[in-house]
Amino acid sequence: MNSNEIAALAERIDSIKTGFYQKDFLQTWQHSVEELKAVLMAAEALEEMYRANISCRVFNGGLAVSNFRDQSTRTRFSFASAAALLGLQLQELDEGKSQIAHGETVRETANMISFLAEAIGIRDDIFLGEGDKYMAEVSAAVDEGFREGVLPQRPAVINLQSDHDHPTQSMADLLHLQKTFGGEGGLENLKGKKIAMTWAYSPSYGKPLSVPQGIITLMTRFGMNVTLAHPQGYDLIPETLQIAERHAKESGGSFTKTYSMEEAFKDADIVYPKSWAPFNVMEQRTKLLRAGENDKLKALEKEALANNAKFKSWECTDAMMKTTKGGKALYMHCLPADITGVSCKEGEVAAVVFERYRLATYREASHKPFVIAAMILLTRFEKAGATLKQLMDRKSPRRGA
Amino acid sequence: MNSNEIAALAERIDSIKTGFYQKDFLQTWQHSVEELKAVLMAAEALEEMYRANISCRVFNGGLAVSNFRDQSTRTRFSFASAAALLGLQLQELDEGKSQIAHGETVRETANMISFLAEAIGIRDDIFLGEGDKYMAEVSAAVDEGFREGVLPQRPAVINLQSDHDHPTQSMADLLHLQKTFGGEGGLENLKGKKIAMTWAYSPSYGKPLSVPQGIITLMTRFGMNVTLAHPQGYDLIPETLQIAERHAKESGGSFTKTYSMEEAFKDADIVYPKSWAPFNVMEQRTKLLRAGENDKLKALEKEALANNAKFKSWECTDAMMKTTKGGKALYMHCLPADITGVSCKEGEVAAVVFERYRLATYREASHKPFVIAAMILLTRFEKAGATLKQLMDRKSPRRGA
Amino acid sequence: MNSNEIAALAERIDSIKTGFYQKDFLQTWQHSVEELKAVLMAAEALEEMYRANISCRVFNGGLAVSNFRDQSTRTRFSFASAAALLGLQLQELDEGKSQIAHGETVRETANMISFLAEAIGIRDDIFLGEGDKYMAEVSAAVDEGFREGVLPQRPAVINLQSDHDHPTQSMADLLHLQKTFGGEGGLENLKGKKIAMTWAYSPSYGKPLSVPQGIITLMTRFGMNVTLAHPQGYDLIPETLQIAERHAKESGGSFTKTYSMEEAFKDADIVYPKSWAPFNVMEQRTKLLRAGENDKLKALEKEALANNAKFKSWECTDAMMKTTKGGKALYMHCLPADITGVSCKEGEVAAVVFERYRLATYREASHKPFVIAAMILLTRFEKAGATLKQLMDRKSPRRGA
């Protein structure tokens, strides 16, 4: 994109009526299709400006707070990158180092960390039913704090993965699809494309459900034909399936469930083979984690792994890939993938397949910092497009004296 | 405040003769009343500028170093916020990850972390008698380093809580009092107000003495009538009581000690009920911690908790609040409070009382980032007021392109 | 230096033809003498600009990523300082908090952390043979990522200590020597100077070999007479000795090995007494660490410490210092030193000697942030000198409104 094209893109953002300002980004299904398009546009504009060496600093003296209740590399660095891009200083809330163990309320902590915060990114996906609840609590707390004049500004809460959704991942995935299939037609060109979101074998246990749930609920909104495949018993949270069904109806796409990886792959334009733990195992695990029942947790893990092992054939092999549309569906993954013979003995994907799409998956991941930055920009600036336009005019270099 | 008022406030700061430049902020009693007023003014100016969307960045390429030897959320985020506000990049000194275990001297570490440091914030309150000593050592070391040309600049050491004082807390508290009671008269209006700094029951043990000590030594300087109340045996460090007495005499206020919470609350304008460990328990604990005597530490904790339990009636209940001036004294707390039925079964304050003042305590806390920023500004800029004035003229936006 | 002199220095940098741009700084011997001079010049220019209160910010919205696989204070703060100086936001890759345990490849992680990264600093010196290999892998990965358009920019990998070299230390040491002995003649004046890099006793075990290796390979390039002294059995990695020999031949200096500390100190202009573990002990330790053989590791440590204890006489005492050139050789150390009677009972250096040179060793260390910043500047800017010149012209203050 040249600078005129970027400026034009920036202008189009403000033509979309969104309700983002002073709010959060928690689950994609809470937002309209138009709002999601605004996020994609802002992400694309920021990415193009970054590549064109234009500084995207719009903050000077604020914090981006992160709270990772589970491990993370990609999302951690993406959030840090988004903060740096926009000029926010990152401050991690490490609950182990804090006084939160003293019995402090979420409501209080949320305000205490937010006096100069513009964004709060949260990953909370270990306890089923906890993550989204916690984020909603933080959101309500900063709403009250801002309304009552405690907080000089209202920080946006950004969902960096909860038990229901992983919107920074699914939106980066969507941008990847738009760039791969879109061309001039943009998202329109995704209509009618078949995407297979399928379970795949992995020698691990307890992987969150948020990625498959995020994919089926999001891609059904753009007229895609989404097929969800998994072995019997590996169900997702039922609510998310209902959402996917509704979205498919609304967009003219479809949402199909099957217990056959083969059926899902057949003639697919896109495949997304990825392991996850069954919903009911996650439920049991949550109860046992809460009760601190370590022996039963070990038994559950053993049982779950043994069950997984029955489905080692759920692997994205070269033979499977041959059954996709023209034998060359786009392979997607949120990374890290469990690659057979590379990161484990038997895994989600054959090494030869992964290697063919390896750089594509890196590109897929590369959009995440800009998607997060776009979410912060749209929630923190009433006229995000105009702000981007000002950055274009300011022409302050990102790299250079 | 409008921008003319902020500019006028900034100008007034330089009319006060302070000895802050190239020095530290360690204990409030090392500073004159005029100097403390300068801190409040600078804090207020920075807070107003922040709210008016004026960037307060005065550094471009320096570090703010923090060393937390004890847990912290509020102060950690306040220090990080102050750093971000002024344009310093935060770098935590995690002694566990460092080579300090090798037997390195404090003098050496202080210089090694300071080549580009403008401020060093230290929390050290676990070992009685250690914190202030450590901070003084760091201060002397950076003095030498700067004098000898090792350091290009002399970082200010900021006490983020020691065994004797907690100046960023007590100064934020003072600003809260000024905003609550001051009006046009400012600090003058605090004269004659009764503040009850009282012990309160908590099911925890080993809480630092620095908050009550900070309050009695600071509030006595502004003509307030300070009453310190605690059960027999829950003494503070004797030196701080002497300071409070001297201050009361000098300011025309008073300093009274009592073993009755009722007496302290009676007709009080302000109450500050908060748990702390007895001075002599802290002394024993310090010795046992140093000797690594874990069994004796456990015995001491058990004994101390049993002793605490005798004083469960020391709770800030609604009935107690009714005995204060007009039944509506200002309730204060450094947070997190031990709230009966919320964060613990029986605690420092009844839920109904805390809830009534909850947002007020959040506002109390909200001043801390700006108090810390003010301390850094005054110690690092010879003409801090003129610097603030320049920021007002520069009008660079804190948020915006 | 006045500003004209700094500007002149900046201009001289671009007169040197270097191959730094879009590359790394891994081992000094991979770079030409001219390239090393460019690093020293850039470091000096940055240091002088910093002292002259000129902002050196050349980035606005990028990350500096660090990965410390071993403890560090000095280098950690030096890297953080360099990042802050240039305007990069620091983000530590804490492999414990990441998903790297999942079996992710180095190639993948390197790309995932680099979408907005301009520099990646790595300390990896625990496993012999691992550190340099790991850095080379990261380097190849970001090369591929940049070439394939995954990364918008190619971050420079900076060696913050590997098993072979410690270039940010040795280059800071070289700058210290230039400032101490150079005068008008600069590095030319180092020709013919005798530097004694000698082992010294320490009650610790497993210290890396990278400092002595870094010193002998670097100082031999500038016509110095380098003497390496250690007890029998305390060998360095053979390859580094061959490099030192070659460098001495090329530069007209000399490289001598001896088993006598006395011989090394005799008439030395500079002494660098420092403990390290024997190469073959490090090899065994690496094998046992990999195999997780804790009992054998303890036995090895015990044996190594017992062996060390035979050489307690290898101490830099006042008597030893008297044997150096005019009795006043420059004492150097990378810090922290094991100081007899201060940080340990018996150590590398007598307290009286260390105290005499203490501030000099602090000055030696003070160059490191600027050396690292120079490495980043030269690898990230094709015309680093012109960039510095622009900063001089921009005259944006480092401290001030």
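Chains: A, B and C, in written order; residue numbering restarts at 1 for each.
Criterion: a residue touches a chain if its C-beta (ideal position, glycine included) is under 8 Å from a C-beta of that chain, and two chains touch if they have at least 3 such contacts.
None of the values given here were measured: they were computed from a predicted structure.
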Same or different contact residues where chain C meets its copy chain B, judged by the half mark: different
Superposing rotation of chain A relative to chain C, computed on C-alpha atoms, to nearest 5°: 120
Geometric centre distance via CA averages, chain C-chain B, whole Å: 40
Multi-chain contact sites of chain B, meaning residues that touch two or more partners: 89
Chain A - residues contacting chain C, complex: 47, 50-51, 55-57, 68, 71-74, 76-78, 80-81, 83-87, 89-90, 204, 335-336, 338, 342-344, 358-359, 362-363, 365-366, 368-369, 396-401
Contact set on chain A toward chain B in their complex: 58-63, 65, 88-89, 91, 93, 97-105, 108-109, 111-113, 115-116, 118, 144-145, 148-153, 380-381, 387-388, 390-391, 394
